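Structure below; questions to follow.
Labels A, B and C are assigned to the chains in the order they are written; within every chain, residues are numbered from 1.
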Amino acid sequence: MPSVRYRRFLTGVVAVLSLAVAMAAPAQAPQASVRPKVVLQMSESDPAKWNLALNNAKNIQTDLGAANVDVELVAYGPGIGMLKADSIVGNRVDEAMASGVKVVACENTMRAQKLTQGDMLGKISYVQAGVVEIMQRQQQGWAYIRP
Amino acid sequence: MPSVRYRRFLTGVVAVLSLAVAMAAPAQAPQASVRPKVVLQMSESDPAKWNLALNNAKNIQTDLGAANVDVELVAYGPGIGMLKADSIVGNRVDEAMASGVKVVACENTMRAQKLTQGDMLGKISYVQAGVVEIMQRQQQGWAYIRP
Amino acid sequence: MPSVRYRRFLTGVVAVLSLAVAMAAPAQAPQASVRPKVVLQMSESDPAKWNLALNNAKNIQTDLGAANVDVELVAYGPGIGMLKADSIVGNRVDEAMASGVKVVACENTMRAQKLTQGDMLGKISYVQAGVVEIMQRQQQGWAYIRP
């Protein structure tokens, strides 16, 4: 009977729509439930700024709980010195990584300054373009802090 | 008759789905209809930067209409001096607050600099960690300006 | 027969809902598929910063492909000098525009500094308030870089 086939068709359509709506739901969930994520930019050569950025990272972890927030620090341009093996804030960078901060160096900058991974602090991460990493994090919903 | 019950069931499902879609709709509304909101960071000690931030706030309110935009200025780290009672831009900060700008000081910074609320401009607001306030505003959909 | 009218009604409702869900879908597409867009702020008078911003724009285009990313550079406040006809980075600004970077000057700043369009580099764009342009871009989903 057509009526039965039609009911089955409608039930199928309704099921697909229900699933689609359920999948769409998170897109408009309250912003308060978004996991805190922040990318910190270090593009200056001033060690006072390096310390400020590290203070920022620490305060964020203290305030929210290190386990409850993703913190990533990206150094590029004149800021790359922060992550060199002889960085005067090297110990603090190591501490930040030990407490869960991801620390990232820009390989474009390293190439321009003739630096290799052997010149840098151990355990840091690398990306091709630091500025693109910062862009992409923001478009993935991360907050951005430029200390 | 089953057919009637089935129609009622389908009508109910359709009503629930319609509501769900209606609720989801704002998530993909044209961005132009989002209320403008901006958080301004002041983390530097240079009074020229304080004036620039206050100019930014004023231009935003002039361009969009003070009633049509939320502007919040957060001072932390070396920027905290902007909000001390003896701040050389104290009058301008008062004017900004009178025109609707929310002005916020970081209590972590105040503690580190042994400042109490009695040392600060009246009428300002306080948060535990200025940098976390800036993060959270962004994740709530506010724009971010670092003057 | 009512049953036929009811079927037509339901089919119409389902069609509208399907369209609504289809339109809502992009809102929750994986962030990776969002077109990269970035607004760069230039609010400082230091030519080293101008070069850094231009390097940022170039690295973004090199890394992602100039055709695959929207890059807009907004100069305001003390940064407006970057876009004056006698700017020492004028050639680089022209090159950036030729490769697809949109370059924008703030008319509020120009008015305050008694500059007219005749004093500026050719081919640049203008907005009333640079800081509002930067705000709006972010609320439209653009990333923000403050070099």
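Keep in mind that, in the parts below, contacts are C-beta pairs under 8 Å (C-beta built on N, C-alpha and C of every residue); 3 or more make two chains touch, one makes a residue touch a chain.
Computed from a prediction, not measured in an experiment: that's the story for all the values here.
A rotation of 120° superposes the C-alpha trace of chain B on that of chain C, rounded to the nearest 5. Both copies, chain A and chain B, contribute mostly unmatched positions to the interface they share, with under half of the numbers common to the two. Remark: chain A and chain B have CA centroids separated by 21 Å (rounded to whole angstrom). Chain contacts: chain A has residues 3, 10, 14, 17, 21, 24, 27-28, 141, 144, 146 touching two or more partner chains.
By the touch rule above, chain A contacts chain B in their complex via residues 3, 7, 10-11, 14, 17-18, 21, 24-25, 27-28, 31-32, 34, 36-38, 52, 55-56, 59-60, 62-64, 141, 143-147. Contacts from chain A toward chain C in the complex involve residues 3, 6, 10, 13-14, 17, 20-21, 23-24, 26-28, 41, 43, 77-78, 108, 128-129, 131-132, 134-136, 138-141, 144, 146.
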